[in-house]
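Next up, some structures in structure tokens.
Each of the two complexes below includes subunit A, the first together with subunit B, the second together with subunit C.
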Partner chain A sequence: MSLMELIIPILASLVFAVVAPVVGCLLAGVDRILSARMQGRVGPPLLQPYYDVRKLMGKERVDVNTVQGAYVVCAFIFACLAGGIFFSGGNLLMCVFIITLSSLFLIMAAWSTRSPYAEVGAARETMQVMSYEPMVLLFAVAFYMATALILPTEGIGSFNVGAAFSLDFPVIAYIWPVFLGLLFILTIKLRKSPFDLSMSHHAHQEIVRGITTEMSGSTLALVEVLHWCENVLFLGWVSIFFVWGAWWSVLIAIVVALAVYFLEILIDNNFARVKWQFMLKSAWAVALVGGGINIAVLAFV
Partner chain B sequence: MGYASKSPWVIHYDGSSCNGCDIEVLATLCPGFDGERFGVVNTGNPKHADIFLVTGSVNAQNIDVVREIYDQMIEPKVVVACGICACSGGIFQDCYNVLGGVDKAIPVDVYAPGCAVRPETLIDAIVEGVAVLDEKAAQMKSAEKAR
Partner chain C sequence: MRCGTHSGTPIAVPLSHSHEVNEKGKAEMQLIATLILLPLIAAILLLIIRQNTARTIIVCAFGTLIALASVVFAGTYLAAGPVFFDFNHPLIDHACTAISGLCVVVILAFSAKYKNIWAALLAIIQIIVVMVVEFGFASQMEVEIGLYTDLLSIIMVLIIGIIGSGICIYALGYMEDFQAHQDAAARDRRPTFFALMFIFLSAMFAIVLSNNMSWMFTAWEVTTLCSFLLIGYTKTDEAIRNAFRQIIMNLAGGIAFIVALWFAITDVGTLSLIEFLQAGIANPAIVAVPITFLAFAGITKAAQMPFQTWLLGAMVAPTPTSALLHSSTMVKAGVFLLVKLAPLFLLNTIPSVMVMLVGGITFLLCSFMAISQTNAKRVLAYSTIANLGLITMCAGVGTPEAVWAAIFLIIFHAIAKSLLFLCVGTAEHHIGSRDIEDMDLLFERMPRLARFMMLGIMCMFIAPFGMLIAKWGALVSFANMDQIALILILAFGSAATFMFWAKWLGKLAGIAGQPPNVELSVHKSEWVSILLMVMLLVFACIALPAISAYLVEPYVVSAYQFAPVAFLVQDISFDNLYLASISVCIVVIALFCGLGRSKKRQVDVYLAGVSRDDDARAFQNSLSGQTVATARNWYMEDVFGEARIAPVGVVFNSVVMLCAVVLALVGITLA
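Let's turn to the complex of A and B:
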């Protein structure tokens, strides 16, 4: 491994840590306005999520313990690393594992507080990770198998996101069931109803605020920024299905990602929360049908 | 204008209200009045809230709860007494179990009278509270600089 291979993802992570919060903040603002319009309200200004974070940063520092903030910072660093690896065209499998590590740090941050509400939130977040992880892994595998079929390398595919730019046509042609499966679990990853079990955007749920119950001030602000970064990365996953050799395919990919985001907001506003049992069963069923069958078919082609 | 006033997250506690004011508090956040236009979000968590909306009077049973929620809230914070019962005890003032308004338990910044309090009054009270919030945030900042 050359030095450049190490430096590029790290530089990309730093750029991602600056750009993704800006994009994610605007996306969150659009989300809140669209949600309000769907509910027949006017809604807040576009920059409301930014105001919220700035306000939280100005609050008094009250931490329940010293380790919680450190865990949240770790979660943020690994989310930025995952984003950097993805958007610099790095290894998709590595990106998937690192973003899971980020989720695990957030779970530990909640668990470290010993608060019953935060613990229920952490337990539910663990169930959420269990629910979406199979589909996410199958997504990476399916990407490899699709590139193996499309690339002129005689059956050797690539986990590298950058390989998508040397394709003759996008991978969606071969792995559209995986795309649909990823859309399903994306609702869990974006923390949208009906799967916003561990931490809801909306007030009034029985576990107060789930994993963020004991977080406040700047720690809560960082969790919010982390969430924006994650959203940008996940929409990146969605768009990679539509990228191929032509440079303008990136525009198509961005349009698709925005359309998917709108769809998620629509779903968020139209469904009530489900129990974790349904989430786990349905997510695994989707992973099996969408991911499993798709990959099995590709294996025999 | 500071950022504290641009995103006032509220927490609502029903002391011993008849539920009239509680319904109005929630109506403030509903489409008709849409408190979120001013960044108002209803949280269920004192640690996330900036403005404490209390409805109903304080009695021996709930005075500890009101104090507990207030103590868990993080500075800068503001208390709004919603409805005449929360302001002074209202028509229940002379009841044997009623101690009086919310100011018997915690310091109140804004009084929003009414029976029941109207959403317009509440929005006015929150806007008033937001100014106090900014003032407290500025005080905190200058105190930090002085240290």
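Let's turn to the complex of A and C:
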């Protein structure tokens, strides 16, 4: 191993920490405009999410305990690391594990407050992680097995995102059921209705701000930025299905990612929140059918 | 090299060049002898000198000595590769037979006292088989190489020597509190307790260092007996009941072990572990039956379903016992044997499928059941069984990557679990409860302990800590072998693992947020041991790339000389391991330096009313009265309850094991 291999993902994480919030902010702005149009409203300006965050930054610094802010900072650092690993072509499993660590820190931030509302949110967020985690792991395994079939290396696959650029054709050809499964759980990861159990931006839900109930000012602003970064990373996961050796495949991938984002907004505005039982059962069923059958087929090809 | 005289198919197995018998022989023997004898001397001293102060000195001194001896041992043989000691004497063989007999006599005595017919029956069957094997066959078998050491043994020696001794020292403070809670009239049986702990360590050293499998069997039986006595230590009805459950299951495992030795003599013609392994690699079919029985023994010891109940029952024992059983001894002997046999599983379908399925189902179902537990020690127990299941699964797969993962799981599980048990034990004595829900309010004045516990929990289930890196290796090896069922089991089991650890971690996070209060009466010995585990944990997580390069990988390469090791370099490349190390540093710094530094103004939490008492979550309601908000964790009894899930695993795994044993026996008969 050379030092460079270690430095690249770290540098990439720093770049990600700057670029992803910008892209994520614009995506959030588009989300709000599209949502408003779907509800028959005009909606805020494109940069409204940025104005919101800037205003939060200027608020008085108060907190319910001395640790919450530190947890949120950790969540942000690890989200950036996960993004850096992914976009520098690093190991997909490592990326998946690190983003889970980031979610865990957010959950701990909520739990550390001992507020009943935040605790409900944290418990629900834990449930959400348990619901989507199998599908995410199967996504990484399926990517590995698909590259094993496509790469010219004869049966040796790769977990490295960068390997996608050596493919003759994109992995979607072999693992489209996994792609559909990932789309399903993406609704949970993007905190969209009907799976926005732990926190929501729809004011009519029974618990709106669950996990962020006790966060305010700069801490809340950082959570917002963290959310933007996560969205960029997850859309990156979606687009990796469509990348292959040709450079212009990246454009196709971006178009697909944006289409998926639109689909998520559409779903968000058309479904009512479900109970956790349905979320757990449906997400696990999707992982078992979409992920399980797909990798079984790959194994026996 | 002489092979068995009484063998159906005598096979001369030349020892390969790296397996040269150590010429210096006796001189180097001293270190191994020290490791095995030091704890025995400590045990004898503890039984003779029963005074409290003297006991403290003996335990501390011998604990330190044993830990130092194991470090010196590791340092001496680290670079040497596998070393074999030309050491055997009929006296030792006779002593082993005598010790086996003694174990059975003790078990029979207790069975008679508590009128337990099953334990007595199994003990009698065992002693008959032992006598037949020892005097009928084994007396003609000569194993020239009595003892050996390789890198796996070194890893185990370090785990037993350092963690095991740490737990013994911790027990000093714990047992003082424990004794204070007992009747004043009750006899102080602590000398027996500590003596048993040290005998346990001695037996464990013997298991991981014996090349003569009949010596190994004797040590195996000693650990069974020690844990029987330790579980029944309190002599309550429940303790006695659970101790007998343990002894019945492990006697069954012991019988399987001795039957395996029988087949090893008749089919393979050797009792030497290394020759057995080499014969198995050269001709996999002849070891199919013995390794099926050895796997059975390993599975009972590692408390895999359907035998999981003995480890759950063992929770009635004082916490240091649980810590010892779960982390460095007993169950680790089971998985040590399975990992040792892993290369043979790669070549033998029937035992391999049995071990994979039993381990996999245990991992999945026990992870589910852990979600529904409120008792902290039961959560720990289920998590231990689940992780042992994962190790068993890896051993069953038997590829070099899977063995790499299994060894790391053993290392990190040992450290993290002992830390967690010690923390729960200390918490229990200060809040008077093991219930996670009680940890909320009562435990809040121990923020330092809460953070240690959080670190231990994080190591158990989340990247970048060791256990998850090992799971990662397991996942890669399953993917390479196209083991679809195991991949699915790992994916769903890990999700459940996240759930039950994260909600416990959340409870603790609330405590770590409180202002520190030094109003603590934790014994110094307890802090010392807990700190030792914390430092070991942080060290092992950060030094993971080095441990992999200098200990685990060389072992895997030497164990798989017959198969080219296309290694993890490409799948878990080293930059990822270093990235994980860096992430560990960030988390540790955040946990111990970053928390509690905020200078922001403090306000009350939002309670939909005017807050009256933030700690109690009391607020003023709309009628100006006081209402207390309550929130509990999710346990989802109706989805993940024991009553629903346990029978499935017990039935499934029993059928799998029965089929495997029958098929293996049929196979040998047909051949």
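Quick note on the criterion: the second predicted complex is superposed on the first by the 299 of 301 C-alpha atoms of A that agree within 3 Å, B and C clash if a C-alpha of one lies under 4 Å from a C-alpha of the other, contacts with A are read in each partner's own complex, and residues count from 1 in each chain.
The working rule: a contact is a pair of C-beta atoms (placed from the backbone, for glycine too) under 8 Å apart; a residue touches a chain by one contact, two chains touch by 3 or more.
Since this is a predicted model, take the numbers as computed values, not measurements.
Asker: With everything superposed onto subunit A, say whether subunit B and subunit C fit together or clash.
Answerer: They fit: once the shared chain is superposed, the two partners occupy separate space.
Asker: With both complexes overlaid on chain A, does A:G83 touch subunit B (first), subunit C (second), both or neither?
Answerer: Touch partners of A:G83: none, neither subunit B nor subunit C.
Asker: With the two structures laid over each other on chain A, which partner does A:E60 touch: subunit B (first), subunit C (second), both, or neither?
Answerer: both
Asker: After lining up the shared chain so the two structures overlap, which partner does A:M145 touch, if you call subunit B first and subunit C second: first, second, both or neither?
Answerer: So A:M145 only meets subunit C here.
Asker: Kindly classify A:A299 by the partners it touches after superposition: subunit B alone (first), subunit C alone (second), both, or neither?
Answerer: In the superposition, A:A299 contacts subunit C only.
Asker: In this superposed model, does subunit C or subunit B come into contact with more residues of subunit A?
Answerer: Tallying touched residues of subunit A, the top partner is C.
Asker: Just subunit B (first), just subunit C (second), both, or neither: which does A:Q48 touch?
Answerer: In the superposition, A:Q48 contacts subunit B only.
Asker: Where does A:I98 make contact in the superposed view: on subunit B (first), on subunit C (second), on both, or on neither?
Answerer: Second partner only, subunit C.
Asker: Could you look at A:L220 and tell me whether it touches subunit B, subunit C, both or neither (first, second, both, neither)?
Answerer: first
Asker: According to the stated criteria, A:G121 is in contact with first (subunit B), second (subunit C), both, or neither; which is it?
Answerer: In the superposition, A:G121 contacts neither subunit B nor subunit C.
Asker: With the C-alpha centre of subunit A at the apex, what angle separates the C-alpha centres of subunit B and subunit C, reported to the nearest 10°?
Answerer: The angle comes out at 120 degrees.
Asker: Quick check on the superposed model: minimum Cα to Cα separation from subunit B to subunit C, whole Å please.
Answerer: Least C-alpha distance after superposition: 5 Å.
Asker: For subunit A, which residues lie in the overlap of the subunit B contacts and the subunit C contacts?
Answerer: 60, 62, 213-214
Asker: In the complex of these two chains, what residues of subunit A are touching subunit B?
Answerer: 32, 36, 39-45, 48, 51-52, 54-55, 58-60, 62, 203-205, 208-209, 212-217, 220
Asker: Report the residues of subunit A in contact with subunit C in the complex, numbered from low to high.
Answerer: On the subunit A side, the touching residues are 1, 5-6, 9-10, 60-71, 73-74, 77-78, 81, 85, 90-91, 93-94, 97-98, 100-101, 104, 107-120, 122-123, 126-127, 129-131, 133-134, 137-138, 141, 144-145, 156-159, 213-214, 277, 280, 284, 287-288, 291-292, 295-296, 299-300.
Asker: Would you mind writing out the residues of subunit B in touch with subunit A in their complex?
Answerer: 2-4, 6-7, 9, 31, 34, 36-39, 41-45, 47-48, 50, 74-76, 137, 140-141
Asker: Residue numbers of subunit C touching subunit A in their complex, please.
Answerer: 440, 458, 462-464, 468, 472, 475-476, 479, 482, 484, 487-488, 490-492, 494-496, 498-499, 502-503, 505-507, 509-510, 512-515, 570-576, 578-580, 582-583, 586-587, 590, 594-598, 600-607, 614, 617, 629-631, 633-634, 639
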